[in-house]
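First comes the structure, then the notes that go with it.
Naming follows writing order (A, B, C and D), and every chain is counted from residue 1.
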Amino acid sequence: MDKTNVVTKSSVAASRKYKKNSQLYEIWRNFRKNKGAVLGLTVLSIIIITSIIANFVIDYETQIIRQVVPERLQRPSWKHPFGTDQYGRDILLRILYGSRYSLSVGIVAVMVSLAIGGVMGVIAGYMGGIIENIIMRSCDVFASIPALLLAICITTAFGANTLILMISVGVASVPAFARVARAAVMTVRDNEYIEAARAAGATRMRIMFTHILPNCMAPIMVQTTMRVGSAIITASSLSFLGLGVPPPAPEWGSMLSEGRSFIRDYSYMTMFPGLAIVITVLAINLIGDGLRDAMDPKLKR
Amino acid sequence: MAKNLIEVKDLKKYFKTSHGMLQAVDGVNFTIEEGKTLGVVGESGCGKSTTGRAILRLIEPTSGEVYFDGHDVLKFSESELRKARKEMQIIFQDPYSSLDPRKTVMQIISEPIKIHRLIKNKIDLENRVLELMETVGLAERLINTYPHELDGGRRQRIGVARALAVNPKFIVCDEPVSALDVSIQAQILNLLKELQGKFNLTYMFITHDLSVVHHFSDYIAVMYLGKIVEKASAEELFKRPLHPYTQALLSAVPIPDLSERKERIILKGEVVSPINMPDECRFAKRCSYARDECRSHTPELREVYPGHFVACDFPLKG
Amino acid sequence: MYKYIIKRLLLLIPIMLAVSFIVFFITDLAPGDVVDIISGTEMSVEDKEKLREEMGLNDPFVIRYFRYMSGLVRGDLGISLVTKKDVFQVYISRLPATLKLATAGTVVALSIAIPLGITAAVHQNSWRDSGSMVLGLLGLSIPTFWLGLLMIIIFSLKLGWFPSIGNEGLISVVLPAITVGSGQAALTMRTTRSSMLEVIRQDYLRTARAKGVSEKVVIRKHALKNALIPILTVAGNQFGIAMGGAVMTETVFAWPGIGRLIIDSINNRDTQMVTGAIILTTMLSSVVILLIDIAYAFVDPRIKARYTK
Amino acid sequence: MKDNDLIINIENLIVHYETEEGTVRAVNGIDLKMKKKRSIGLVGETGAGKTTTALAMLRLIPDPPGVIKNGVIVLNGENILDKSVKEMENIRGKDISMIFQDPMTALNPVFTVGEQIAESIMLHEDVSKKEAYERAKELLEMVGISGNRANEYPHQFSGGMRQRAIIAIALACQPKVLIADEPTTALDVTIQAQVLELINDLMEKHETALLMITHDLGVVAEVCDEVAVMYAGRIVEKGSLEDVFNRTKHPYTEGLFNSLPNIKDRKAKLKPIPGLMPDPTNLPIGCAFSPRCPYANDICREQKPVPRWISSTHMVECSAYDDPSFHIARREK
């Protein structure tokens, strides 16, 4: 193969000339076809934008936690579209402001479980043998404790604040993450292109990062998206039990908890925060479903 | 006598299973001359693929010696083995699972070159890939396509180009054409033949298809339940099969030629997986010529005619 | 077959030990301890110290853990220092309510999820499919406790059909069961659909059709029995989760089950009760999940065969 | 050629699949006659439309996306394309039955082999469960498996034995037509020989007509009386075994033979058919094989070839034969 043939300039630019759009663009094109997923994306982006704007526009001290007794328990009206709570605080503003808690807890919690569970799952899946057994058996142990109870345990031990909430919700879904990650790696690991890479002399590390991880991204990404939704629900459940974000912060779960004692006559107080949670989580789940079909066309059929 | 590039001595590969020790490859011996092709043929479960992978140490053999160019590959350290991989490559059967679906043709073919750091400059690397694509008959415009956009034949060509990328001396072809249609099969077989001539490649060609192995190989080893039962040149083996299994195998192949219609030898029973095999001829249970001596010990491979080895105490007259 | 069951039961013990260790370890980390709570303000620091000494609270963690475990094995989880009642007895007294709710919830879940999941799979990409998918997504997106509140507002306060609190008779279980059930139904439906889709693609259904078997029978007999296995597993897990996960529903409906017991114990910092309740619940749900797994083998001959030989 | 032992007559069958990527023209007008006790080999490569043709005969083409656009499939004098779903359920397994390629997945893993055979009997004959189970045991013996293995599950059978059980299921009610879709492709050579021999024996004993679908010309030579070569959804050459093997006419059939290694002359270089498999979503205007055909001329590229009967039994669909002096390179034997 030492014959040196002069390759003309034109063929040198071949890879640029036949530049195909990248896989990411391909995934986006599939994703766009899914109406539900696009709806989810738009709704979620609106929520994120409002929670960022709310940070600057709404003043925490005066408009969110200041008690205006004469304005107490007003039904939804033009002045207060979502009505006011038992301290006269405007519920709409609190919901808009409160969106940051749910989103931040949801995302950070999932990052926690992705970091711990995902990495453990990938290692278990790729290493196999005793390491896999140790990791998976310990996951079985954690998984046997119902997620909510585990979160409750951690919160009672360390006290209820936003950081602990994030950690406990994150830790509670580590086993599920580990299992998905391991399954994804296992399906990839037995393919012949992994053997081909080994035959080409690739080190284990190189195989992990150039072949295994890119091919596991799809199921792990989908799992991450879906987990953000369930993390938000778990977080709001804990706040509802008084174990999440401490009042007076307008976290949707604790707002529902406060509204509960007025459920008989002022049911609107429990309506809007609940709707906010459902819409946010539904949007995220729609995106998750859309992502799964877009990333892995085989699944669609 | 040309130099033996590959020499395999008493290669064994056992797998521990819940039912006992699966003796997938049980003492296999053969040599392959440089620039020649050894065909390894046998039915599923006979250990031919395991042998191919064990030689390349894609799976660690239980025991034995594998001399490549005079060095025992099984004694190599990790780094020596990785360096030796440049000389020994493999082509797989399933065009759909042997290519990374997330990589383009360019990335797949160039990976071995990058691993061994043969070409640093990006433009030279691209030229090398284009050159390889041209050698295996892939159109230049496919450089950035993904495997799922191509048919089986072209995907197999990518696999061949990847194996050629590091200028190997020896390639294990593990059923390279079994998953392809007849017309595409012929194209790939011709390509492999042409490349052997051009780059003086040595092949170990593994297949279950007797007519393909007969056409493609210079020497053929017939395997049954982890052992080589017969080994000879391609003409010799098909003209004068000495082992009852080889004879039955040859007669079982349906021939697309009406004048060749001949009496069929139909073997009774089915292949069983070689777990805790007793010390007897493994084919005895299904062999119509079997005698008591056959069940007393495991026959060794011995040279009955020049270059024609058989592992049977009562070989057929041929 | 029995070897298999015994093996699985034995396998459960290390998991139970590990679970009890983790739960004990975490709750033990809680700042302050029982003495601070029950002593109120009069006790001087020395008296508190003496009390702690008596109760052995100052012993190193490991010894306290073993003392606790030796009690657990004998079914004696100690006395709740806050309520002065025996932890185990309280737990047993609250168990039937949770079992009742978990069973009712699972029945509701399965009766919604399995038919919907199957029709969605059988009529893939039709309106039935997308309809049940949206329903499923909605089910996943609604927090259980909010659904409970909605149920109370609509069916109890506005329409007055059902009581919103307590556990008197069957009628009171309806709303809580629907609340727990629909949450689980979403997950079970998605699994049923995907496992049915997996089975529908199999060749043996084509063989059945080629034999002249009608489409209805192909689905109901040939496909369902194969799809039943993964569905059964999820249903089993659901029941296990329902045991522990009904916390929210029990809180909303003031249902006198274990979930509420745990929340109340947390509120009055009765760590003894909390630890005991969580450990027992986890054990119970693991045993339930194990029983479902064993039922698995009766449905799938391949597994049964492997263990009867 | 209408005689009483004509069992099935397929005329101008057209089947398309409507998918997002476009219309897949799987079968583009084929004619096929099946006679009692005769076996016909349907040969072609992947995507030629062999399996679609077979599924059309049983009306098992999944719709969507499959659509039977045109054509007639006459069985016992009636066109089964007009039959109701109920009527079709009676025909499947009784008049026409089918065996598939992969024995590993063709049997239901959670039912015993005996039950699956008995089910086929009970569907078409009103016999008691017990009687059907006994018949199932006899059928197992017929295909060379001991009857008392009827209560075992498929995973306890080897590949070869499963394929025999599947044949037993297909022949349970003595169908008039047996369609075998690549029955031995997934089997090893020695097991394949056993199964082919079984099929040959059963064809002798029964009146059944056999449609053997395969890509392996060797299997056709082994089992069939007649051959039909399919390419891109059309039968390009049809005739008796001697017609097609020894007096090959169509360039594609010649290409298939040239792609196969020649047993007698090992060194003979393979002459593969150049180019790629035809894309069923946009087939060429003229003859579908013209892009790869060494003899193709302008007529071939513009017009669809017309079927031409060389002899009473031998048909070829190739415009090159407009010129009577034309012949392909492959010598007649």
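The criterion applied here is as follows: a residue touches a chain if its C-beta (ideal position, glycine included) is under 8 Å from a C-beta of that chain, and two chains touch if they have at least 3 such contacts.
From a predicted model like this one, the values you see are computed outputs, not experimental measurements.
Novice: Counting C-beta pairs in contact, which comes out ahead: C-D or A-C?
Specialist: A-C
Novice: By CA centroid distance, what chain is farthest from subunit B?
Specialist: C
Novice: Which integer distance in Å separates the CA centroid of subunit A from that of subunit C?
Specialist: So the centroids are 24 Å from each other.
Novice: Approximately how many whole Å separate the CA-defined centres of subunit A and subunit D?
Specialist: 52
Novice: Quick check: how many Å separate the C-alpha centres of subunit A and subunit B?
Specialist: Using C-alpha averages as centres, the distance is 48 Å.
Novice: Using the touch rule from the top of the page, what pairs of chains touch, sorted by label?
Specialist: A-B, A-C, B-D, C-D
Novice: What does subunit D use to touch subunit B in their complex?
Specialist: Listed in rising order, the residues are 45-46, 158, 160-161, 188-194, 196-197, 215-222, 241-242, 245-246, 255-264, 266, 269-274, 276-277, 333.
Novice: Hey, which residues of subunit B end up touching subunit D in the complex?
Specialist: The touching residues are 43-44, 151, 153-154, 181-187, 189-190, 208, 210-212, 214-216, 234-235, 238, 248-249, 251-261, 264, 266-267, 270-271.
Novice: Okay, in this complex, where on subunit A does subunit C touch?
Specialist: Touching subunit C from subunit A are residues 36, 137-138, 140-142, 144-149, 152-154, 156-159, 226, 229-230, 233, 236-237, 240-243, 253, 256, 260, 263-264, 267, 270, 274, 277-278, 281-282, 285-286, 289.
Novice: If you look only at subunit C, which of its residues touch subunit A in the complex?
Specialist: Going by the criterion above, the answer is residues 15, 18-19, 22-23, 26-31, 133-134, 137-138, 140-146, 149-150, 152-153, 157, 240-241, 243-245, 247-248, 251-252, 262-263, 266-267, 271, 274, 278, 281-282, 285-286, 289.
Novice: Spell out the residues on subunit D that touch subunit C in their complex, using ranges where they run on.
Specialist: Within the complex, subunit D contacts subunit C at residues 58, 60, 85-86, 89-94, 97-98, 100, 102, 105-111, 119-120, 123-124, 153, 155-156, 166, 169-170.
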